[in-house]
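You will see chain A twice below: alongside chain B first, and alongside chain C after that.
== the complex of A and B ==
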């Protein structure tokens, strides 16, 4: 039953790729919709019998591939299905021109099945394969965008993501060599801890950190996520970066993690949170601002992993994919119809739907109760105490400040531009969904705390505005001309190498 | 781009043998070294050899673009539906055709079918990729 979750979108992806040869490209949008919604048929019967696992094909565990849905993978699966449904409704119809429609629908369904496959697998190699299906489809989806520089961003994304994949498969190879299994349950049963396993864990964590876009290795993310089209950005930021996070959860569930490794993960997480917020505060480009917030929010997910609290990481990942997906859809709609991504020119003043949607989603990402963000933060903060707790809350206030800035710019008067009704409804329903799921999971109101956070956020915003931070223009480290691309890639490769060697040297002895 | 007469004749001679070898690999993949992917690569090589020696335009007339696309799509659909059909017999990709004595061709059940699907998919996909890349070169 579980493999059908993956098989049904895959089947429709193949049928869609068949259509141009038969000359029936007109059917592709209907097939896309069926393929995108088909996993819903199976998830309802799976949810009733949790945790549910099976080995594909009825083989024994040693020779087969195990898939499982349990409380760790369920938040990822639900977030995937919800967000992909909204994105499918958003792109259905005439979003893409007739010429490239067929290809985009095929690739989107491949992405869908790749993500679902990664989220159900309990086998390292199978997880790797599905994560790769998802990433390769996302390179293509970034490159399809008409935005200037999208091709280059896609190239850079492909290069670094594939490099990380090679490092990850090397780590899988080492684990296989030392334990003799790829199945995570069998690895856990037969594990004898050794230096080689430690090296493999370091390699795996660094490559997955790169793929999930956490701070020192985030360099590909802002470009790739901000240059793509709005629904694609929503999928990339909401879901594709979650697949590596799920891989890290699988690793911490299987292997014992040393205190040093744990500390490195926690420090990286906090650095990533504040770096993302600091960079987002000085961005002028609406999509880039949201992309830097993904760097910051992935820090929260990594914090859950570093605290060895996989459930919190999973629920935060779910929360993030809902509100960030919704933000990309709603802000992206505005940016698209204004024909620019410059924050100063955009405005939602004339449109009540998008105004409410963006306001709701901003509160959700700031962790205001009773939105889903508050639930995610509540799960995380349970394990933290002392000074770190205040640092954690400071991150939330920083996020709020950045979103007060976004709303401040969008509230300005702008020219009146009509938006299609469907896009407004999709954005608003994601906004309402963050509220409904928040009330469902964590029905608590913390009025005093939240209002004081918002107040501090406003004060901070006012001070920063007076200081002229929002006028500040950070010159890019690498000019956007073609000749410098090679040097840029070399510098970032050095970054990756330095990060990898730093953790390796620290954790081996 | 057309190569010399010797090369063209040799590739014409070698190509059918490669197809035969690839067919052997896909059918007997579960009994001997080989399997779907390898068979598919060899299948694609037989066409890529012809492309390098005879030029893209001439080969495209024999192996049409849409035919390659059709084979690729159909084999993909076949593979997934094989898995879904076996669900009726007890599990995703459950081997429901098991039969025959150990070591014979039939003992594989759905494994040879799966290998044939993979081989056609891989072969068609490689050829397709070459066609698309060569469409940009357009030298011949």
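== the complex of A and C ==
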């Protein structure tokens, strides 16, 4: 039953790619919709029997590939299915021109099945293969965008993601060499902890941190996520970066993690949170602002992993998928119809639907109850105490300030541009969904705390505005010309190598 | 004698060195391929058993076939990625002109 979840979108992706040869390209959009929605048929019967595991093909565990749906993978699966459904509705129809439509639908379905496959797998190599299917489709989807520099962003994303994958397989190889298994249950049963396993874990965590776009290995993310088209950005930020996070959850469920490693993860998580917020505050480009918030929010997910609280990480990842996907869809709709991504020129004032949607989603990302963000933060903060708790809340206030800035710019009067009704409805439904799921999971109101957070956010926004931070222009580290792309990749590769060496030397002693 | 795993890791490091020093985009794609070749060698090395034979059944000592199978999958991924990356290089060149 579980493998069908992955197989059905994969089958439809295959059929769609055959259609041009048969001369029936008109059918591709209907098949896309069927393929995108088909996993819903299976998930409903799976949910009733949790936790449910099976070995594909009925082989023995030692010679087969194991898949499983349990309380750790369910939030990822549900988020994937919900967000992909919204994106499918958004893209369906005339979003892409007739000429490239067929290819985009095929790649989108591949991405769909790749993500679902990664989220159910309990076998290291199988996990890598599905994550790679999702990454390769996302390189192609970034490159489809007409935005200037999208091809370069896709190339840079491809190279770094690929190198990270190879480092990850090297880690899998070391684990296989030492334990003799790829199945995570068998590894856990037969594990004898040694120095080699420790090296493998460090390599695996570093590569997954790169792939999930956490500071300091985030350099490919802002470009790739901000140059893509709106629905593609929603998928990239909402879902593709979650696949590596799920891999990290699998690792902490299987291997004993040393305190030193835990501390490195927690420090990285906090650095990522604040770096993302600081960079988001000075962005002028609406999509780049959201992309830097992904760096910051992935820090929260990594924090859950570092605290060895996989359930909190999983639920925060689900929350982030919903509100960040919704934000990219709604802000992206405005940006697309204005024909610019410059925050100064955009406005949602004349459109009630998008106004409500963005306001709801901004509250959700700020962690205001009873939205889903509050539930994610509640799960995380349970394990933190002392000074770190205040640092954690400061992160929430920073996020709120940045979104007050976004709403402030969007509230300005702009020229009236009509938006298609479908896109408005999709954005608003994601916004309402963050509210509904929030009430379902965590029906508590913390009015005093939340209102004071919003108040501090406004004060902070006012101070920063007076200080002129929002007019501050950060000159790009690398000029946006193609001939420098090679140089840029060299520098980041050098940095990645230094990071790997540093973290290896520090964690082996 | 130097083992296959060790050689594989050295080849991976050579590929990473090239990624850090070469500016030409096509050379970058080639160096990522060098990394992948090193990885394949490393994996094949992990399955090797001294004096092992081809893993067809009625034999006593055979090499571990699993790493070789896994590497077939990785090679397929490599081919796909290389073609995609080269197509992107072409597009970037065209954009510049």
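By definition in this document, the second predicted complex is superposed on the first by the 509 of 509 C-alpha atoms of A that agree within 3 Å, B and C clash if a C-alpha of one lies under 4 Å from a C-alpha of the other, contacts with A are read in each partner's own complex, and residues count from 1 in each chain.
One rule holds for everything that comes next: a residue touches a chain if its C-beta (ideal position, glycine included) is under 8 Å from a C-beta of that chain, and two chains touch if they have at least 3 such contacts.
Because the structure is a prediction, the values reported are computed rather than measured.
> Return the chain, chain B or chain C, that is in touch with more residues of chain A.
Touching more of chain A: C.
> Of the two partner chains, chain B (first) and chain C (second), which one does A:223 touch, if any: first, second, both, or neither?
Touch status of A:223: no partner.
> What is the contact status of A:10 with respect to chain B (first) and chain C (second): first, second, both, or neither?
In the superposition, A:10 touches chain B alone.
> Who does A:22 touch here: chain B (first), chain C (second), both, or neither?
Once the two structures are laid over each other on A, A:22 reaches chain B alone.
> According to the stated criteria, A:54 is in contact with first (chain B), second (chain C), both, or neither; which is it?
After superposition on chain A, A:54 lies in contact with chain B alone.
> Who does A:497 touch here: chain B (first), chain C (second), both, or neither?
After superposing on A, A:497 lies in contact with chain C but is clear of chain B.
> Would you pull the chain A residues touching chain B in the complex into a rising list?
Residues of chain A touching chain B: 2-4, 7, 10-11, 13-15, 17-22, 54, 56-58.
> For chain C, which residues count as touching chain A in their complex?
Checking each residue of chain C against chain A gives 5, 9, 12, 16, 19-25, 28-29, 32, 35-36, 39, 42-43, 46, 66-67, 70, 73-74, 77, 80-81, 84-85, 88-89, 91-93, 95-96.
> For the complex, which residues does chain A have touching chain C?
125, 129, 132, 136, 139-140, 143, 148, 151-152, 154-155, 158-159, 162-163, 166, 169-170, 173, 176-177, 182, 482-483, 485-487, 489-490, 493-494, 497
> How about chain B: which of its residues touch chain A in the complex?
Chain B residues touching chain A: 66-67, 69-70, 72-74, 76-77, 79-81, 83-84, 86-87, 90-95.
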